[in-house]
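Note that chain A is present in both complexes that follow, paired respectively with chain B and with chain C.
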Partner chain A sequence: MNTGAVPGRARRQWRRPPLIADRRLRWALYLSLVLYLVVGIGSLEVNWQRVVDGLDRGAAFAGALLRPDFSSRGPEILEGLLESLSMTLTATVIGLLLAVPVAIGAARNLAPLPVYVLCRGIIAVSRSFQEIIIAILFVAMLGFGPLAGVATLAFASIGFIAKLLAEDIEAMDPKPIDAIRASGAPPGLLLNWAVQPQVLPRLAGITLYRLDINFREAAIIGIVGAGGIGATLNTAFDRYEYGTAAAILLLIIILVMSAEYASGILRERLR
Partner chain B sequence: MLRIEALCKRYGRDALALDDVRLNLAAGEVIALIGPSGAGKSTLIRCINRLVEPTSGKIWLGDTELTSLNSRALRKARRRIGMIFQEFALVERLSVMENLLSGRLGYVGFWRAALRKFPQSDIDRAFDLLDRVGLPDYADRRADALSGGQRQRVGIARALMQTPDMLLVDEPTASLDPRTSRQIMRLISEICAEQGLPAIINIHDVPLAQRYCRRIVGLRQGRIVYDGPAEGLSAEVLTDIYGAEDWEASSRADEGAEA
Partner chain C sequence: MPVWSEQGRRYWKRLSGRDSLLRWFGWLLLVLLLVWSWHLISERTIWVFVLDAPAQGADLIERMFPPRWDYMPQLWRPLWDTLNIATLGTMIAVLLGTPLAFLAARNTTPSVTLVRPVALLIIVGSRSINSLIWALLLVLIFGPGVLAGVIAIALRSIGFIGKLVYEAIEESDRRPVEAITATGASAAQLRLYAIVPQVLPAWVGTSVYRWDINIREATVLGLVGAGGIGVELMASVNTLAWGQVSLIFGLILLTVLFSEWVSARVRAATI
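So, the complex of A and B:
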């Protein structure tokens, strides 16, 4: 009954409306996009000789990846890994402890406006710099070594954890808050009884995720002198010890993957 | 017991949500507050415990003038006012027992509450109340594992944990089926009668209001347009409260559905 065309009436066409309604503007945009691409590719200067040379090194490295060398620099690798792991854990815990108050302050439904602006500011500053840049700063301030690394990762963790947690706090169900408030509970207990149960699983998830990220970052910031396995990796490359470098990379991959797997299981349980 | 004088509430620059509301509640008196959506029923009871700040007017609970209290004194006053909510407003991830004990948060210290080390008298009271509302074996269930009716029973027990002097009840049956609605209303009115608790019950359902409350207050656009016995709710009065066109249309639709 409701299929087929109604007799005596012309079939009506339908087509999805284009994103840009004006036909001329649309085609002009497409054209300029293609032109930009052509000019952009044309402006690349590729030194093919260098590419060919590099291929050999690439092949050597790829070959070494198949023959990772764990033994000749074993103690250094182990030491670097342990340092990275302890940097990661310390920094995540410090970051978490500092991020929670910032997140509460950055939730519009809990904090008054001045506190909100201040805490959002802290988050913005913490998130606007890439870890390497922060690491360079802290290495200059605190000297080479894992202390600078911990400071870097903790600082970066604050913004990350606080932003995501603040968003979860803002999205929580307001009714239990009203109920706890109506019982005459003081503000501290309001947080402990109405807010914390609602956001704890998400906070655990965010923290475990940040732990992942911090481990990866811990491997990188060593390159600028902030301690950890990154320094060992950098040295290995400098000495053309590709076997050792490959061993380090493999270990990082295994550790990151197992951290991700473990955090997945934990998050599942914390519902 | 409760005295409301010239209470007004204005949200931003909108029209008055409450307009010169005056209401007296005697000890042990249970009233139903009826009226269309947006009439200000919820605003009125939230003004009493100041979950919503009144714009002007005064409210006395016994000898305490509620609208002028500072935040510390307000928290003390709130302990005396139990509140029951429309969608239960339990903390879903906490156990039933914790939800009940949350009614004591105005009384116990921070660390006792944070570590869940409540006085034995509170625990005893919680178990007694669980028995009274018909959930004797539910103490360690999580609140989100309960049905709607069970959750509202927990909500009632939580309000009673405060050892309140009065109850504010905001649409207790709005998210429940008709049978559970009656059971919940019966439980609330029985408990009020047992303990001599005065209560204001916001409710959409006029027959339910008439059945369980002797005094009815009708609110329309923030003004009290009826305050009298349940038997006095004639068709004209209901038209006054709910507005002529809407009232006639919906009652005819009801009759049509029943026929």
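So, the complex of A and C:
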């Protein structure tokens, strides 16, 4: 048996297949990436002197994170947090109440075409703008304060909850609907007995998830005047009160983490 | 399921007496919380302004149309900055988040007791702070400008990419890993040949998805001075130039739709 390499014959080697199979496309992508990096980074206008000057402040803030100051602005922080939390709860409930009819209208298996188009339109409008942009508009309309925040978060929740709920309604089992319809039930009872039992667990999960998101957003829309802890944080930064700012940041992190953890556990149970 | 008889007929309820009492108190607690929250918000609202809202809203819309088209030439540069903030920020986050994911995944981390908790802590910390808050902090340190925006986006995205990629790594199939181990591969070769090919599609999908989100977030970072089109938005809002605001809104909407289209195309191609 010949154990050595066969003379005059190249060794076959295996190579890992590349991510993009087409060779020309691959190199074109690499080239445009390099080109973009050169142009993109080149067009950044950075004042390096200012950056170097700022490093001291960065160090001061990092120090403040280790020694957060909860007490000197304690009442303001507490007020801001309570405001954020109550905005979150109110907005989620209002958003949920408004989202359910929109979701039913946006489910193709329940709604006639004109209603479907209208409701999908509402969802698209509500979802396409950032909360903070909506907040600017509501602050201009309703004045500064938490009510503008509630309106913002409720508006954004409508699109979010309605979209996910409508998807769930469209994916449900059609057999119970046929059965209830065959019994001669009017549309209201149809929703109550055929649709509601199938989508309720998922709706509860979606709402908890949105509650979690709304708290995160409630922490920032205060920057444009829509109430909550964001305003307190912004003020702390404006006054260079690093200790207070660090305390608020740590509180936000703790609350966001525990909200995510709690909503995760609850959603797991609902499944 | 409690069943009882009454006058010769049998009845059933879904919940036992104790369970339904508990539920009733749960709902009562929620309603009380809601009332209290609404009270707090209502106290801090100037209702005269709110009653005026429909008129204010109509006025706002009237001033927004027609948009000031001649403002457009001033927006190209901020728009380019916005795209840069999102893209460069995502690139930095991918570069730093991918190794972090390998340190955080249970099956690839060098040490479950020492390295993994640190990596998870970085991921959680990065994820629970909104990029707008990161931007607030970084503008203070680096001064207003695009650099603060790029770093804010990167800091927020590291945790996102780290989390989704490390979950993909942990879910990867064990069999290729065992096969490559059996060939006597080194630790680096093991990751390159057994794990990387499995998580590559998820990695591309996650990165592009985050880029899409980052485009949205980059449009508003300017509100706190971190560069991009948000700077123009804030300036227009502050000077009540609503014709410019509506033009910027339209531009943001187009940009967001574009990035969503790109991300959907790339994800469809890789998955």
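Assume the second predicted complex is superposed on the first by the 241 of 271 C-alpha atoms of A that agree within 3 Å, B and C clash if a C-alpha of one lies under 4 Å from a C-alpha of the other, contacts with A are read in each partner's own complex, and residues count from 1 in each chain.
Methods note: a contact is a pair of C-beta atoms (placed from the backbone, for glycine too) under 8 Å apart; a residue touches a chain by one contact, two chains touch by 3 or more.
Worth saying up front: this structure is predicted, and the values here are computed from it rather than measured.
A.B. asks: For A:Leu44, decide between first (touching chain B), second (touching chain C), both and neither.
C.D. replies: The second partner, chain C, only.
A.B. asks: See if chain A has more residues touched by chain B or by chain C, and give me that chain.
C.D. replies: Of chain B and chain C, C contacts more residues of chain A.
A.B. asks: Once chain A of both complexes is superposed, is A:Val115 in touch with chain B (first), chain C (second), both, or neither?
C.D. replies: Touch status of A:Val115: no partner.
A.B. asks: Is A:Lys175 in contact with chain B, with chain C, with both, or with neither (first, second, both, neither)?
C.D. replies: Touch status of A:Lys175: first partner only.
A.B. asks: Touching A:Trp193 in the superposition: chain B (first), chain C (second), both, neither?
C.D. replies: Once the two structures are laid over each other on A, A:Trp193 reaches chain B alone.
A.B. asks: What is the contact status of A:Ser128 with respect to chain B (first) and chain C (second): first, second, both, or neither?
C.D. replies: Second partner only, chain C.
A.B. asks: Based on the superposed arrangement, let me know which partner A:Ser183 touches: chain B (first), chain C (second), both, or neither?
C.D. replies: The answer is first: A:Ser183 touches chain B but not chain C.
A.B. asks: Determine where on chain A the residues touched by chain B overlap those touched by chain C, and list them.
C.D. replies: none
A.B. asks: Please give the residue numbers of chain A that touch chain B in the complex, ascending.
C.D. replies: Residues 173, 175-176, 178-186, 188-189, 192-194, 197-198, 200-201 of chain A touch chain B in their complex.
A.B. asks: Touching residues of chain B toward chain A in the complex: what are they?
C.D. replies: Interface residues on chain B, with respect to chain A: 49, 51, 75-79, 81, 83, 85, 87-94, 98, 102-107, 110, 113-114, 155, 158, 162, 168.
A.B. asks: For chain A, which residues are in contact with chain C within the complex?
C.D. replies: Of all residues in chain A, those touching chain C are 16, 19, 36-37, 40-41, 43-47, 50-51, 53-55, 57-58, 61, 82-83, 85-87, 89-90, 93, 128-130, 132-133, 136-137, 140-143, 145-147, 150, 216-217, 219-220, 223-224, 227, 230, 233-234, 237, 240, 245, 249, 252-253, 256-257, 260.
A.B. asks: So in the complex, the part of chain C that touches chain A is made up of which residues?
C.D. replies: It is residues 33-34, 36-38, 40-42, 44-46, 49-50, 53, 56-57, 60, 80-81, 84, 87-88, 91, 124-125, 128-130, 132-133, 136-137, 140-143, 145-147, 150, 193, 197, 200, 204, 216-217, 219-220, 223-224, 233, 237, 249, 252-253, 256-257, 270 of chain C that touch chain A.
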